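So that we are looking at the same thing, I have put the structure below in structure tokens.
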Amino acid sequence: MPVLRDKYSTGTYRVLINKRSEMLEKLKNEVYKANIDLVKHGLVIFTWGNASGIDRDCGFFVIKPSGVDYDVMKPDDMVVCDLNGNVVEGKMKPSSDMPTHLYLYQYFKEIGGVVHTHSTYATSWAQAGKDIPNIGTTHADYFAKEIPCTRQMNENEVFGKYEEDTGKVIVERFEGLNPVEVPGVLVQNHGPFSWGKNVHDAVHNAVVMEQVAKMAAFSFSINPELKMNPLLIKKHYERKHGKNAYYGQ
Amino acid sequence: MPVLRDKYSTGTYRVLINKRSEMLEKLKNEVYKANIDLVKHGLVIFTWGNASGIDRDCGFFVIKPSGVDYDVMKPDDMVVCDLNGNVVEGKMKPSSDMPTHLYLYQYFKEIGGVVHTHSTYATSWAQAGKDIPNIGTTHADYFAKEIPCTRQMNENEVFGKYEEDTGKVIVERFEGLNPVEVPGVLVQNHGPFSWGKNVHDAVHNAVVMEQVAKMAAFSFSINPELKMNPLLIKKHYERKHGKNAYYGQ
Amino acid sequence: MPVLRDKYSTGTYRVLINKRSEMLEKLKNEVYKANIDLVKHGLVIFTWGNASGIDRDCGFFVIKPSGVDYDVMKPDDMVVCDLNGNVVEGKMKPSSDMPTHLYLYQYFKEIGGVVHTHSTYATSWAQAGKDIPNIGTTHADYFAKEIPCTRQMNENEVFGKYEEDTGKVIVERFEGLNPVEVPGVLVQNHGPFSWGKNVHDAVHNAVVMEQVAKMAAFSFSINPELKMNPLLIKKHYERKHGKNAYYGQ
Amino acid sequence: MPVLRDKYSTGTYRVLINKRSEMLEKLKNEVYKANIDLVKHGLVIFTWGNASGIDRDCGFFVIKPSGVDYDVMKPDDMVVCDLNGNVVEGKMKPSSDMPTHLYLYQYFKEIGGVVHTHSTYATSWAQAGKDIPNIGTTHADYFAKEIPCTRQMNENEVFGKYEEDTGKVIVERFEGLNPVEVPGVLVQNHGPFSWGKNVHDAVHNAVVMEQVAKMAAFSFSINPELKMNPLLIKKHYERKHGKNAYYGQ
């Protein structure tokens, strides 16, 4: 059983610490499983993806280690970070995209999990540099609007704090957008990030984005002049997520 | 073994009721299997699909519960409804698309099963808002004409009785079409519905629609000016379904 | 063990018949396996394909029964036909495409097996009504030229001896082409037929056609102005099939 | 246990030879596994691919035998060649593409493994005769530039030393390019070759090329006017491969 670092493991905080430790173990298992699920859903080959989950109470988030193969990875390899980006627990370096996850947790207060992949169709839209228009109820069941694509990053951003600034251009793109209603983004020339109320939910939305991206590509190929019925966007999003939602049990 | 609700379980109808109950158990198993088959055929991810079957003698139909994962779902979770849309048996809410299934059962008297999915290529044509032209014998083996796409729904329809009116626009689109000869439709900006003489048959036609949609997309991409031989449509449809059909044993 | 029909099973021919019977059992197993392989290679769903093999010595060919599911089919269900198209052995009706296979065996004397599928990409080219141009060494390793597409069939052909005349338009399209050097064809608005020195080889060529069709579709989508190097066609075909072939052991 | 040929197995070199023999056994296992991995990654059907690895110390390389099925192939079937292209050990003929591998080992001194496939999307770009532009970070994580496509080969090259000259046109195309920074190429109208520091790495790069080729095809289909941010190419390539690389453990 892992122990938290010294500054947390002495004094009167022991009981609290034990509880935290339990929660973190649970979160590490969830984050581990979410990373494995990315492979199962066909969103990731090699080490091209990472999932993280946050415990807002203790202010720590758990993320995949950098460049570790999914088939040898274990729950204990997950890395625990605090909201300053410091590693709090874990023997490995966190995913190189950790600062992007961190930035999203700092600015999107309602989210509990973040996923990044290079999944085929979502990445193709990101490389195309275009928002994925909301053209069907599959999309509208999860996203209240188009899936936005960020602007190109400039020299300072790319060669400065690149991963953190990737988070910054995402947040900038969400000016006027609600990240709960639009749980994902395309980073231009790179690939998709998605999020959700927890890491499992973020994986779910990553699968949705990939499928929606795929069907949008085929739809425009069949009919470049296609027209969406905007009423359906409102209807389907609210049927699942509105205050009078009636989908599911 | 489940029992029917009170109003059916007393009086002189007991023998009849036992027989009905047996038939419903059988139908629940068939509908359960059909829903699982949608996943096996790759037409459905998560909970994005539903299949139902009707017993025309007793006037009940059985449908998947709403938003339940396929891997935990059991035959007993299937929901039994009457032709007024009331739940007659089952602990869960029926699929939110239940009123569409109901409408189709009411207006297409010959059908015994209905399937709805968001399968990739059929949904792409639905999002493109275009009928799938009958351009090959694969299509003509099952559909005597193009696979029609419905018109866009208006505000009253979308924000009124949305699921029921989805059925209404389907039936409206079949003005002059025989649903037995054209066992499926694309609901614009949404996805495919298919049907058949029973729920197994409806699943079969859902697979056909997806494959036909896929090949039509590629065919037009290869040659936008392609020409179908209309003689083949008549020949192939009748070879399998006409009164002198000679395909199969 | 099955017996041949009466006219073959009496008289002085008994020894010969026993030998024939052994050869037919072997052929039935090969044809059965070939049909199953079509499913394994992803070329066939449901009952949309059929494979046959011929024993030129005894003048019989063995073919899949019509409309039988692959997962219940057994080697003994294979149907034996003579070169007049009569069923010589077997309890079931042969594939409805049997007369096309027969026609090909009659006119293409060198072939020992025939396969028909509705595989996705080859069928898409057939629906597009276009020859698949020979644009790469994968194609040239197996086909000395383009994969030809037949002309549209006329009313007499479609409503007369349709399956036989499907064979006729294939043979007509091979005017000036050597079926050994071009082991497959697209029947317009229908799908691919392939053949080979035996039924296993015909399945192999069906897989090649599907893969070649897929890559040709993508290649033209990437660059509609692409140019093949004709020298490579000659080189690759001869490297594998010429009199100085040096590919393989 | 196999023995090296006579001229190597006598005299004072026995100890050295034993050591070489051990290394070659290890290399044969690696090359065998790499060839099997090509199938697992979906890059190869039938016998359409080959992988090799070199031991620069002893000057031998190990390659797949020609035209042998992957499911019957064993590590001992691998063929050992010297840098004159002579078979040093092994009962079978080496892959017909052996002289291309040899040429690459001779001119690209830093590489330790070579892979050739006919994988679907990379081959489609090769057939299209176009470089794969570097339009995303997935590409830039592995290739510092576009993936180049060779020129068409002339009559002397095709009908002379074809496989060796395939290597020659590859090396010619790398005028001004560093094969370590660009670990793969498209041979026009043929298919991809990739390489790496060892055979495992070459397989890895073959998978990358196929995925990058796939996403590039879709990206240009979505937006033919797409623009890459060149800063990202430098950043991502150096993040993984530069002297201050910080990706991975």
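Going by the order they are written in, the chains are A, B, C and D; count residues from 1 in each one.
The working rule: contacts are C-beta pairs under 8 Å (C-beta built on N, C-alpha and C of every residue); 3 or more make two chains touch, one makes a residue touch a chain.
Fair warning: this is a prediction, and the values are worked out from it, not measured in the lab.
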Shared interface numbering between chain D and chain A [over half = same, under half = different]: different
Magnitude of the superposing rotation for chain B and chain C (Cα, nearest 5°): 90
Gap in Å, rounded to a whole number, between the CA centres of chain D and chain A: 35
Centre-of-Cα separation between chain C and chain A, whole angstrom: 49
Contacts with two or more other chains, residues of chain C listed in rising order: 220-221
Every chain pair meeting the contact rule: A-B, A-D, B-C, C-D
Residues of chain A touching chain D in the complex: 45-48, 65-68, 92-93, 96, 118, 120-121, 123-130, 152-155, 158-159, 162, 188-191, 217, 220-221
Residues of chain C that touch chain D when the two form their complex: 135-138, 204, 207, 211, 214-216, 218-223, 226-229, 231-232, 234-235, 239, 246-249
